[in-house]
């Protein structure tokens, strides 16, 4: 068999064992190892006496991946941002945000769900990890919604979807990874995430309000807060603005002049600021220990998927499947905008089965140059370009679109990580419940993405000021 | 069931070993958390040193790369003990009794095979970076300040070995459950009733300041 | 026969000799011996030697400075201020070192055989703000430079800072560093030139050494015909490589002009003072350290300098 055929066969095998219930990280590792062995043994012409040699090469090649792939500076942003999220939770910031959102927008139809969306958007500004955001809000928002008789599946869906905002609104680990892969300005990319993130939150809110208007049995609004109570809810949430200020200024200085450092430092300093706030709010050693262990647990889960998927990706490299994919995309004879939309759809499909980071790592080296070429090259001016934007602006626009797609795949079955995490935190909700509850948000995300494709200015206005 | 499940205990030998190993795993997870915390400290030192004393931390990136394996691997077995590694449970979730324990036994056995092979592979990776006869026993070093890489590379087979022990223990638990047709076996992650878990969850959240 | 080749990044002048090698072999062996080149799909760049050692692929490129302890012997080529001026001279000194038995033993630990160099132009600084035109101006300057070149800058009071090459642009932008040391093509590909106010033309502190190696077993298992085809192709592909870099140099001058980057040229006295401070102590320390590891360090250094003298005649 040709390597590419082996690549397709092993990918099908991976799909089967994941559906059969093998834990995803290990399923990917097994598929990768089996695939590597197959490739090497095929190269030896399946000679029986070289079976052991092929096995040794496959095992040693796979054995490199875990250390090799995790020992990376850019990936260090992931545990840092998870830690910020947990510390913010122990510092009381999540509850404060939720309370403030409840008092200000709870009166809307479906008010608690709308509040949840806006509180997750606010929390997104101190959290770089979507999964962590969903995890903390599953703890505080779902019980309150259940008390008011919201459908448990929808309540879980709101939290799973709301969590995805954390990767568009800075700080965002995944935007940083995109910037590093495509060698673009991290500051401008992060800045570009603000408005699309807020736009996404508004679309989510609009969707919830419409649903509440259509179905009268939807959760009731929370009324009766006085203006005094509303104002009183703001100061406890205020520290979050301070954190936003610190992190943003460290990554990008909106008023001109030098920013204060690199993204890696900015993220870690953000964590330090939240830590000091948690201390001021009376963080105990026991709680810090709990936050550290919870961070370790979520980090271990995410990194195990990362290295597991990367063993599989390493095998794909030997099978040369990425190149076949790229040839196919660039050989299409059709309108560039249609190709772009097809690439985004391909991400939606791929994202259903792959970890977001693994997916970006695997595809961007191939897809990004193709998109740049579609637009007319890296150095093209806005006037000469296909999509009406300069090369660097196209890189930012495509980055936001891809990250939004990667976020989308956090809530799509069968491997929507956010849904698993919400189900993991809430015992009364199963994964299937969350997937059912989150389904309406697919529509909202489709609308958001269509909006960002049709009106690139939503993405590009802020970075173009810089 | 996908994420957080709980593990039953009793006075038997299997459960005793389970809890003993759990203490080790929890300690390793705490080490991983402390390593994350030290990323934060490193950044403060690096930024402070650069801006206040014009003395950036030498090898800031190299140190981060040394810390990352500690962060990424040390919690792997802790997470497996509670069934925290994600999976699709649409099919497995429908099984009960012997069918469930049999299925769990088979997937866990495959995981064990993978992990044993990865212990071999990651040990070989460590071995290539290690040489007793060289300064600092190092045959592979970091790019900027030439830190030896073998200690970080050694963490993978060490963490995987603990995970292998955990998997063996879970295999034992599933085999016992299968043989004796148990409803609620000890030492393996279980699906429990929503009410039971809700009570536990409430307790956990009340521990954190909201 | 098909060999897998592990490179990284994307096809560029730096990989043009391997790309050409694939083409030439395909022609001379009528498609019987082919190279399947992968950019990053088979291994991480710092682990290409590991992959060669395992036998996962048959050919790979790496840079000595990525991992000094993996290849102590060839780090001699990364010592600062060797006085190498052209790519041709860089090829001559590299090959002289590669052919030394101690070097072959060193790489032999990885089951690797050195095939050819990927000579790089000398590093120079790109900087922001007021141009630094004298040695005194380097005092307290934060510079992105690694390995021996970083050490060299330290001797004149600069502060070497760890930033990966992909973060260099952001670091320059944010003021984390004032200057970045790269070869011209890297200033282009990592876009540090876009931030530049000035560029040093003649600091030439040194460069990194990035050989292409093959798996020894695979090389020996080649049929005589294929091995001869491979060996015969090397001079051809090196010529092609030099041509590719020639084009970059043309582009470089044009880029400097377009962006209004000021060219800073150091006086001979300053350069001599810099060399005196940096070159001798770092070289002596290198020779002492490597001799302690049992390498014929002095001999390696002499072989290299002899080759340079010959190339400059």
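As written, the chains take the letters A, B and C, and residue 1 is the first residue of each chain.
The rule is short, and it goes like this: contacts are C-beta pairs under 8 Å (C-beta built on N, C-alpha and C of every residue); 3 or more make two chains touch, one makes a residue touch a chain.
Just so we're on the same page, UniProt names per chain: A = TRAP transporter large permease; B = TRAP transporter small permease protein.
This structure is a prediction, so every number in the text was calculated from the model and none was measured.
K.L.:
With centres defined from CA atoms, tell me which chain sits nearest the overall protein centre.
P.N.:
When every chain is reduced to its C-alpha mean, the one closest to the whole-protein mean is A.
K.L.:
Report the pair of chains linked by the most C-beta pairs in contact.
P.N.:
Chains joined by the most C-beta contact pairs: A-B.
K.L.:
Report, in whole Å, the distance between the mean C-alpha point of chain A and the mean C-alpha point of chain B.
P.N.:
Distance between chain centres, rounded to whole Å: 23 Å.
K.L.:
Counting only Cα atoms for the centres, state how far chain A is from chain C in Å.
P.N.:
37
K.L.:
Whole-Å distance, chain B centre to chain C centre, using C-alpha means?
P.N.:
Distance between chain centres: 39 Å.
K.L.:
Touching at least two other chains at once: which residues of chain B meet that condition?
P.N.:
Residues 61, 124-125.
K.L.:
Among the residues of chain A, which ones contact at least 2 other chains?
P.N.:
In chain A, the residues touching two or more other chains are 60-61, 64, 68, 73, 260-261, 264-265.
K.L.:
Which chain C residues touch at least two other chains?
P.N.:
Only 46, 50, 54, 163-164, 176 qualify.
K.L.:
In their shared complex, at which residues does chain C touch chain B?
P.N.:
46, 50, 53-54, 65-70, 109, 140, 142, 146-147, 150, 159-164, 176, 289, 292-293
K.L.:
Considering the complex alone, what residue numbers of chain B touch chain A?
P.N.:
Interface residues on the chain B side: 1-4, 26, 29-30, 32-34, 36-37, 39-44, 46-47, 61, 64-69, 71-76, 78-79, 84-93, 103, 107, 110-111, 113-115, 117-118, 120-125, 152-153, 155-156, 192, 194, 196-198, 200-201, 205, 207-210.
K.L.:
What does chain A use to touch chain B in their complex?
P.N.:
17-27, 29-30, 33, 59-64, 66-68, 70-73, 75-76, 79-80, 82-83, 89-92, 94-95, 139-140, 260-261, 264-265, 267-269, 271-272, 275, 281-283, 286-287, 289-297, 299-301, 303-307, 414-415, 417, 420-421, 423-428, 430-432
K.L.:
Which of the residues in chain B come into contact with chain C in the complex?
P.N.:
So the residues of chain B in touch with chain C come to 50, 54-62, 124-125, 128, 134-135, 138-146, 148-149.
K.L.:
For a test of understanding, state which residues of chain A touch chain C in their complex under the given definition.
P.N.:
Listed in rising order, the residues of chain A that touch chain C are 40, 53, 56-57, 60-61, 64, 68-69, 73, 180, 183, 185-187, 258-265, 314, 316-318, 320, 322, 365, 369.
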